[in-house]
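Common to both upcoming complexes is subunit A, partnered first by subunit B, then by subunit C.
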Partner chain A sequence: MAKAEKFSVVGQRVQRVDGFDKVTGESKYIADIILPGMLLGKILRSPYPHARILRIDTSKAEHLRGVRAVVTAEDTLKRPWGAFFADQYILSVGKARYVGEEVAAVAAVDLDVAEEALALIDVEWEPLPAVFDAEEAMKAGAPLVHDDKKRNIAVTLDIERGNIQRAFAESDIIVEDTFQSAPQWHCSIETIGSVAEYASSGKYTIYMNSQTLFNARYRIAAALGVPETDIRIIQSAVGGGFGGKSCDDNNALVAAILARKAGKPVKVINSREEEFLAGCRPRVFMKIDVKLGFKKDGRIRAKHIRIIADNGAYSAKAPAITGVAAMRHDTCYKYSDVKTQAYLVYTNKIPTGAFRGFGNPSAEWAVEQAIDIGAHELGIDPMEIARINAAESGYVSPHGNRVTSCELKQCLDMTEKMMDWKKKRADKKPNTGLGLACTVHVSGKRHFGDYDGSSATIKINEDGKALILSGEGEIGQGVHTAMCQIAAEELGVRVEDVEISKADTDLTTFCLGAFASRLTYISGNAVKNAASNVKQQLFQQASEMLEANADDLISHGGRIFVKGAEGKFVTVADAARARLFRHNGAPIVGSGSFDADSVLPDKTRFGNESGAYNYGVQAAQVEVDRETGQVKVLQYVIASDCGTVIYPIGAEGQVEGGFAQGIGYALIEGLQFDEGRPVNPNFSDYRIPSMRDLPPLTHAFADSYEPTGPFGAKGLGELNMDPTAAVISNAIFDAVGVRIKTLPITPEKVLKALTEKG
Partner chain B sequence: MVKFDYFEPKSVEQACAFLERHADEAKLIAGGTALLIWMRMMLLNPHVVVSLARIPGFDSISFDPKDGLRIKAGARHRDIELDPAVREHYPLLYETFRKVAQPRIRNMGTIGGNLCQGDPLTDPGASLIAMDAEITLTSSKAKRTLPLEKFFVDYYQTDLRPGEILIEIRVPLPARPLGWAHIKFLPRSQEDFATVGVALVLRGNALGKRRRSCAAKRSPMIESGRWRRWPRMKSIPWMTTAAPPITNVT
Partner chain C sequence: MKKKIQLTLNGKKTILEAPAHRLLLDLLRDEIGLTGTKEGCGTGDCGACTVFLNGKPVNSCLILSGELDGAELVTIEGLKIGPELHPIQKAFIQDGGAQCGYCTPGMLMMAKALLDENPNPTEEEIRFALSGNLCRCTGYAKIIQAVQDAAKEIRQAARR
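So, the complex of A and B:
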């Protein structure tokens, strides 16, 4: 297949298109956006995990000097909204269901006044019995978080493909175990924030640091009860997303209703504590029972997984995440007979939701450990078990996922070599061990209506430079650079001659945004199609100027010429000007669309969820201190299959960043709750990995080409968050023979397990 | 953060005068690494903040073989870490300050602020106690010097009296040979506060006799009630088996 070397721009280590703005501090984040007359908003939050609101008196707050607006649910339609289930309100209606829930808000001339006003809002509460544990919440008689949700169950999945009973009967050994995953916060350096402005014509303009602008527009319009056109959302610079800025929270909605009531622009930025309490929706935590049946030769014959997932008080993306945890991993290995059961359960805690990996880290934490247990019981090298079962191009999973390209076996070979796996296994030293896990992720996911597409427009300016208009947005991952490279490659111009717009729902066409590792693959295809359209127009114009057939033309470095006759050319600028400045002149502008060849899953969740699948392998060598239980990661190796690498610097950043969050998830991060109240909602007490916590990492990309991808590319962003926790746990078992089944893997847990083992 | 008045006195006397005038309303700021967090979290809302940043010489470090090491309270952790005399004559202090948080914090936080915060989780206190450091405090009315050990009362509680400013830390030159160690247990991030930190000094010709001077600090997370919270530990049973390895003898 085609290789990256063939391309002139794609695969090059180009300079990041937003690099200058970032290093000079000129990027405008929400904190930098200041509009004339702008007020600052603060939110009054529920101090109770579950409590009825008997009365709210805002009169004292309204009369405080400097206060311009105070809002409660009375200022809203009291209409529930949400990504998949409409079950949350802008401001509490009747009762609050978790600590931190938005109850009322104030807009004032400065933050001190706003804070003071919050203290003057008098709420009469009636605390209600609350439930904090998903398993408890499912029991008969448990307090109901939502009166109409029996046993607090939001989603039930019960799916069997093949014949699970027969498959277990035909298995030589059966492994059964239970694993508990943990909540994890995104910890973006910039918290969620927005600036909203309301015009008396009825139009809201909202600056957001959101990663999904058009989805945000849809949800905000629904919650406010206005048409989408009345909402304009402009993306600011975004200081980290990771799934947390997918508009599942009320920040922008509160800013919007404050702006409407005050008649002035209002900025609302979450403090760090608010971000932990009620901002970004943390990773869904799950209890996962896994049962695997193996044949003696290492083949996995049967898989049964049972999940209880904590939804928190409202449904953000957890309904979809639960499905991913239940089924996604069945695209990693060749399965025939699988059964999956899952319950998503309401509790009186912060709603959980989308975070890099989207259910996959929890599932891989459980399943990849169960496979490792099987390997040890069968006496087969975990590397071999993975090789025996690994998916390949052409594989169709039991749930209908069709794999068009898969280099998982190549990734295993690369990992084995980079880790020097065989030698290290043969010369095993006391208290050191090796661990391995495989991973799969999607390149886009069809679940917001029957569409997983993107669109883009490209216009050529009079100077020959191209401007991409795209509504997907940049959230720091470098996708704008990758899009400019794709457009430059297709147009045959230098990457320096391509720019990309901000995402703006009024000025760009419909885009779903940054989630499901979709942008390089899906938006990349749309941009490539738009560039192809523009190139045809340029060639048409150039063919007249060169007196040649348009089909014989090619472009390179901004010049258009007949193949094999580079001496005689017109530049892109020449062609663009010639097309514009003449009778019946017109600018050169073209659009492109792409919708993945995937299927909206049916009622049994059968259907090819994505257009392409990304694969990877990770391995670790760890050393365990038997006196303290501390785990030191000596070496870490990652091999990734993301098809053609478009923007290597960005891609490497995705690998390293995903891995760093994986290490945090495995060893460090954990929010503790006391009766539903987060105990450590700050960076002093909720630690994330620093540079010094990260072990030496060796990484490589597989030689891979996705036939449906732009220049052979597919997704990468989430892949390397997914398996890390399982890798570490498997390595600890290899080192000292204890298996940790709850996250994070703290020295206390390891020490306790070592003591119990004796 | 609530609004406050901000003063930058040019001398310790002026600073003392501000403190006296504003009594309960004022807080001193040096590096700000602790105070600003507390203010941001609304745990402290001082109406007056008095900065010590513009007092000439308030960050100096000097060494004299007879007098020992004199660190002015405004010296930053990083200044102490990089000071040649500290490195040559006080290797335990060098080792300790080198491991405080990370360079960005060390470039801001001052030793005076650190000690006056009385936070049991930070590193310098134990090592300075083990080295017999004494501190000088001053107010408009009086000046006093006391062993650092006596200064720490409890979590976040020190013997700093109203109107007082910590101005200097003096560390006598230890006799040689000197055995020393500083370890801290960081179960989560390498940039976290230590769960337990231990500084240990074995002195002079008593090295062989294992006469030891040791200070340990621990986080509230591991209560055992066996030691005082800011102890100097002389002859503690566990030290004989679990003491950090004394590989450093100078």
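So, the complex of A and C:
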């Protein structure tokens, strides 16, 4: 149920708090950090997809002038680490399992020397049989990527809710098809990098452009075998994340061991090619069989999905992503009977992992097309099918997801209107068509231990300005601005009077970081609670000064006064100074935390995974050129339900940017592998959308209020690219009657399908 | 072998020594300490390292120091007009043209190059001129808006 509230800061078109530094070039990204005596590190990578290391001789490299350290697995504990499964090493132990795997590394006085030294490291390799396709890898007799993983299977899911056999028997029509999703690279314009420093007392200080600092600290501590307190991570400005900078790679660990061995700070920055080969973990690619049973009236009666997901050589976040692809979409529509089977399979390729959408774009690519096929077979408008099945507030999914607010139907209405859907459907022109898809995402996900929370501290400076201390990561999405707005709204001060610190694991309290579209909702709640705590302290002090009851006070624009008597006030600065500058005084400082009302899913993966669910609808009108197979997107519309919009410019930017990545995923982006070796690891051959590639977009936010969110807000960041590929494919089918089932949708594929259709 | 290079950098005469093979991008960042110019790809594909060389925008990752003697360079650090932000910088802040901000210095330099030549560009002309500058965050909508707003502001200021 939407609820209109008047806010003075929340929802205002404020400018981002870090905007000035960004437009002047003064923001310090990881490559801009320079420490006294700093060395530069480079990594030697495996040229083979699967090979045993018989011998490594580093002596020539060590003797090169200007080299300060050379490291191999011998300089590590040879202890595997990983987000969910400990299966990867800092540097190859015994063998390498994909092209690009870190084998050895060098720290030198400059990059020329470091690169020369890499060429002097002599590795004797014994190439081994390798496997590149997940389905092949599951077959008996396939080469094993890890000796202890039978048939290369990392995860198996087999879950049935309700009675799937009966549900299909009761269906009037059944749709069955197979869809192949594609890998996608994050392509943040800034690559992953770190600057590590080691003090001989045992403390590592690591500057990282990570989006999840405390998770990084936990994993780095585990891999190095030291307590977490011995690792301090300081976040640099981050040049884009999208899931790729969530510390599933070895960059910072290599920098740390080089710094320890050299006794000097060491910077390691991935080149663009390294970023493609072994940096960010690309989107998990999946082969998805979908079977849907519909009633004649359009209700979905049964859903069976079977997924084979490519894990690559190590696990990163793919175990959780596979579960999301298998189950998350069942929170979008009202399902009763579902069956899901999924296999996550090791191959000798780059480990796959977290990328905006986290399994949803793959699942929605398949399921939203299957629903569209059903709509066409039933002769029902896809908009109506979506409406008939759409989830609503109060819905509980078959897997236990509890929906506290849902404006999916409102989003459908908005989309219909913005696209002028009915009129366009009625006046259909040759070779043009309309496509639609719905999406759901979480606002945080409980999967790193039994916690999906955040904490924050706010202190009031003696000039009355508030400083938020938070370890949550600003990675460009603008969450710091939203957090400042939330604090300002709660404190009753101007947003210009709130600042926020950089994330630093030694100075800020525990935070899980930027993933699962969680920050506005979860860290927003933590900040709001911290501000509420601070406000109580301010009001306590002000009540003495105003000789009034603290319960009768309100604050606005930095002034505290009795409600209705605005003329007599004390400022926040007055109260803060009065509290501090006296005998037995105290600074005004308060903390707050928030842990979402979700549960860690049980062994059958049942349980409410998130505190709130965000919804969206997207539609496209496309025109297909029958001569060339070119798809032109004539118009695109998006309606999003993210609860209250806290920071409108930022929220719009999330929709527009997510959409651009969705268009890239749908139509452009693809990395070609040859025997596990990426053949186009650069921006000339792996193209991401430029300004000229993007069609016109119209978008709007639903009138929505999430009761558990800060001022009614919930998540938004990933929603916007989840369904885009399916939308485009559905529109192509509507235009020319061919259905493309593998990504990306290239003109070649469209032309081939048109030729085959005749 | 280091070579002596005389430059005008952001309006100031500068003399320095660098190997002829040193890339302009590395010269700026590592030898001169101007880190506002960013490396995104190192192959001239993304535009993050765009600077002005003799009045024209170039990818500084593709220019060798050996070509620079006598050159006039302007980097993001030289975009401000005195202590004031350039209108294109102001518009990027106002409209949300920067998210992560990493492509922003290059994008701003290219946008300035466009507006220097064409003070009233159409959306199509903006899309064409800036298509070599990749941004992964914004979807470009707010960048286009910012360039249009800056153009308007510059035209109005010229009339004042």
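Basically, the second predicted complex is superposed on the first by the 753 of 758 C-alpha atoms of A that agree within 3 Å, B and C clash if a C-alpha of one lies under 4 Å from a C-alpha of the other, contacts with A are read in each partner's own complex, and residues count from 1 in each chain.
Keep this in mind: a residue touches a chain if its C-beta (ideal position, glycine included) is under 8 Å from a C-beta of that chain, and two chains touch if they have at least 3 such contacts.
All of these numbers come straight from a predicted model, not from anything done at the bench.
Participant: Look at A:P183 in the shared chain and tell me whether it touches subunit B only, subunit C only, both, or neither; answer first, second, both or neither.
Facilitator: In the superposition, A:P183 touches no partner, neither subunit B nor subunit C.
Participant: Should A:G717 be classified as contacting the first partner (subunit B), the second (subunit C), both, or neither?
Facilitator: neither
Participant: Scan A:F659 for contacts with subunit B and subunit C and give back first, second, both or neither.
Facilitator: The answer is second: A:F659 touches subunit C but not subunit B.
Participant: Is A:T628 contacted by the first partner subunit B, the second partner subunit C, both or neither?
Facilitator: Touch partner of A:T628: subunit B, not subunit C.
Participant: Now for A:D32: first (subunit B), second (subunit C), both, or neither, which partner does it touch?
Facilitator: After superposing on A, A:D32 lies in contact with subunit C but is clear of subunit B.
Participant: Which partner does A:S684 reach: the first (subunit B), the second (subunit C), both, or neither?
Facilitator: A:S684 sits against subunit B and subunit C alike.
Participant: Which partner, once the models are overlaid, touches more of subunit A's residues, subunit C or subunit B?
Facilitator: C
Participant: Answer with first, second, both or neither: which of subunit B and subunit C does A:G476 touch in the superposed model?
Facilitator: After superposing on A, A:G476 lies in contact with subunit C but is clear of subunit B.
Participant: Taking the superposition on A as described, I'd like to know which of subunit B and subunit C A:G611 touches: first, second, both or neither.
Facilitator: In the superposition, A:G611 touches no partner, neither subunit B nor subunit C.
Participant: Considering only the touch criterion stated at the top, classify A:P747 as touching first (subunit B), second (subunit C), both, or neither.
Facilitator: In the superposition, A:P747 touches subunit B alone.
Participant: Once the two structures are superposed, pull the subunit A residues common to the subunit B and subunit C interfaces.
Facilitator: 682, 684, 688, 690, 692
Participant: Considering only the defined contacts, which subunit B positions touch subunit A in the complex?
Facilitator: Touch list, subunit B to subunit A: 1-3, 37, 41-42, 102, 185, 187-193.
Participant: With touch defined as at the start, can you tell me which subunit A residues reach subunit C in the complex?
Facilitator: These residues of subunit A touch subunit C: 15-16, 18-29, 31-32, 186-190, 237-242, 271-272, 475-478, 649-650, 652-653, 655-661, 682-684, 688, 690-692, 694, 697.
Participant: Where on subunit C is subunit A touching in the complex?
Facilitator: Per the touch definition, subunit C meets subunit A at residues 29, 35-43, 45-46, 48, 75-77, 79-80, 85, 89-90, 92-96, 98-105, 108, 126-128, 130-144.
Participant: Please name which positions on subunit A make contact with subunit B in the complex.
Facilitator: It is residues 111-112, 115, 273, 628, 630, 667-668, 682, 684, 687-690, 692-693, 746-748 of subunit A that touch subunit B.
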